[in-house]
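Shared between the two complexes below is chain A, which pairs with chain B and chain C, respectively.
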Partner chain A sequence: MATNTGTEPALGFRGVLSIAFLGLAIGILLLVLIWTVTAAADPAAAGCHNAPLRMTRVPQLLGILICIAGFVLGRVTARPKIDSRSQVRSWVRDRNSTREHARAAVFVQACLAAALLFIACLIAFEAVTLNRGVWPITYYMRCASEAATWQTLAAAFAFCLLTGRWMWLPSTPKDVD
Partner chain B sequence: MPPAGPTTIAMAIAAFLAVLPFVVIAVVNIVMALRGWTPLTQLVENYMRRYPMFAALLSGFVGALAGHVFWSFGDNPPYPPAPLHLLPYAVLIAVAAGILGAILLAGIAYLLDLAFGRSTADTAE
Partner chain C sequence: MVERRRRRVERLRSLRVGWAALILIGAGVVYAVVVTITGTLDYGTAGFQAAVVLTGTMLGLALWDLFVATIARSEAAYLALPQRIKVPLPREAVPLLSPVLFAIGILIGHQYWH
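And now, the complex of A and B:
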């Protein structure tokens, strides 16, 4: 376990493992990002109809079932009940610093505000495009679903998994510190 | 399958927006791990535990979005592709709506405080 030495504390085994895993995840995600964008923008890539088809090569119900499966799997793999708050505190290096705690709280609020702003931008774009009679966001997603069905379903699964993982949580223990 | 065309650019944009949030989450996680902060997952879970209605609303939004895209009926008219300049226009609208919403909420909170907060404090005193 890491200790606080007064200067920059050393990373514990958990920290090194987390950073290694996250570095690997970032590498894979960046490769996926580059691959998807270049594959989609390739002139040889298959396009979609205008308007994009809603009936793709797989039944609509399968898409919904995949999303529900992602959501349920996210719930199943959600963090089990935390036995105590001290268990959470043991993961961070500066355990007793209220300043760090406040900074983290502000950070989460800022991330949440950014996420909400992102959603607001999407909704505003959808409204503006519908008002102007041009492709709304829905068409972009259906276009991807038509031309790259399984990849789109995989992305939808990932989003639903994250939603279930973060927002459908086990009940909170009441009698712990 | 139709040949390549402007719609492939649309797919590139959709693919970029689909993968980008996961990259951002991973980068934020690694920054937090390097600084020794509480893991992002734990912070988000704490927040969602504290505000379960908000979590339910966000989950409902994601579910409605999935249903809207993958399970839809009714009219499906063809449109021309959206011009790029609509994007900053939409961002401006969203920011303006956010500012107006914040002012409105602050006003409501002020009025509620006037109506209930101070009287409660007076009673307590």
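And now, the complex of A and C:
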């Protein structure tokens, strides 16, 4: 087991900002989830058409802009563990045990494969249901957007913020080819 | 024994699986365009079938990577990757790839939503 011999850096402004936005995104998602469960149990809650409407109260372009804004905000407020690829190399070199690091890498790769399998199954389900005229997954999103537009947009913003935090590439160092 | 295993891993990682994946993805896109134009399938179904090919191919790449990494695990963690990946883009543009592709993806998603 590798140990951290150095002292942890103090949590600066960037760290506080990063944690605050992470909390904000998780908080929004939890609130929307609670609201969804509450609304689902209420017979008077707003429903949607079959098939759900494509046009809602707000322009679709606004939804796209909100998603992109969430993604960008997630990216700029995140505090990446690794700033550049050269840091990855030095980090790997500094590890005491290659075997231990390799085992961790294999585990991460296995998780990536499992995630891709899950996504592939979801998309296959979408394609099959679309072809057979059964409600695909996107219809449930459209139904949510029709019945509760602002809550859906808030959830989309929070989801994209989380995506922006994690889906990034470290910068390429200038001192290598 | 160790040297033999290392050579085997080197051979495996030199296989051009990325090109095979690109051909598969291209074939999926061509299939989606053809069945949409000929009216065999509606464009939503065809588009998602192409997306299944895309994610399935990425899954295949991830499994291949996992396979090679498992064989090489006693030597190193990154033997499934080539020594150097050349991207025909300016250095400064590489970190922008994911946000730009995200925006393109969301616009394409919007097209299928609409």
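Quick note on the criterion: the second predicted complex is superposed on the first by the 102 of 177 C-alpha atoms of A that agree within 3 Å, B and C clash if a C-alpha of one lies under 4 Å from a C-alpha of the other, contacts with A are read in each partner's own complex, and residues count from 1 in each chain.
Everything below uses one rule, namely that a contact is a pair of C-beta atoms (placed from the backbone, for glycine too) under 8 Å apart; a residue touches a chain by one contact, two chains touch by 3 or more.
The structure presented is a predicted model; accordingly, all values stated were derived computationally and were not measured.
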| item | value |
| --- | --- |
| Touched partner set for A:Ala102, first chain B, second chain C, both or neither | second |
| First (chain B), second (chain C), both or neither touched by A:Ala110 | second |
| Chain B versus chain C as contact partner of A:Val76, first or second or both or neither | neither |
| Touching partner for A:Arg54 - first (chain B), second (chain C), both, neither | both |
| Contacts of A:Ile26 with chain B and chain C, given as first, second, both or neither | first |
| More chain A residues in contact [chain B versus chain C] | B |
| Chain B versus chain C as contact partner of A:Thr36, first or second or both or neither | first |
| First, second, both or neither for A:Ala148, with chain B first and chain C second | first |
| Footprint overlap on chain A, comparing chain B with chain C | 54, 60, 63-64, 67, 71, 92, 103-105, 112, 116-117, 119-120, 123-124, 127, 138, 142, 163-164, 167-169, 172 |
| Residue numbers on chain A that touch chain C, as the complex places them | 54, 60, 63-64, 67-68, 71-72, 75, 92, 98-99, 101-106, 109-110, 112-113, 116-117, 119-120, 123-124, 126-127, 130-131, 138, 142, 163-164, 167-172, 174, 177 |
| Parts of chain C lying in touch with chain A, wherever the complex brings them together | 41-42, 44-45, 48-49, 51-52, 55-56, 58-59, 62-63, 65-66, 69-70, 72-78, 80, 84, 91, 94-95, 97-99, 102-103, 106-107, 110, 112-114 |
| Complex contact set, residues of chain B against chain A | 1-16, 18-20, 22-23, 25-30, 33-34, 36-39, 41-45, 47-49, 55-56, 58-59, 61-63, 66-73, 76-83, 86-87, 89-91, 93-95, 97-98 |
| Residues of chain A touching chain B in the complex | 2, 9, 11, 15, 18-19, 22-23, 25-26, 29-30, 32-33, 36-37, 39-52, 54, 60-61, 63-64, 67, 71, 78-79, 88, 91-94, 100, 103-105, 107-108, 111-112, 116-117, 119-121, 123-125, 127-129, 132-136, 138-145, 147-148, 151-152, 155-156, 158-160, 162-169, 172 |
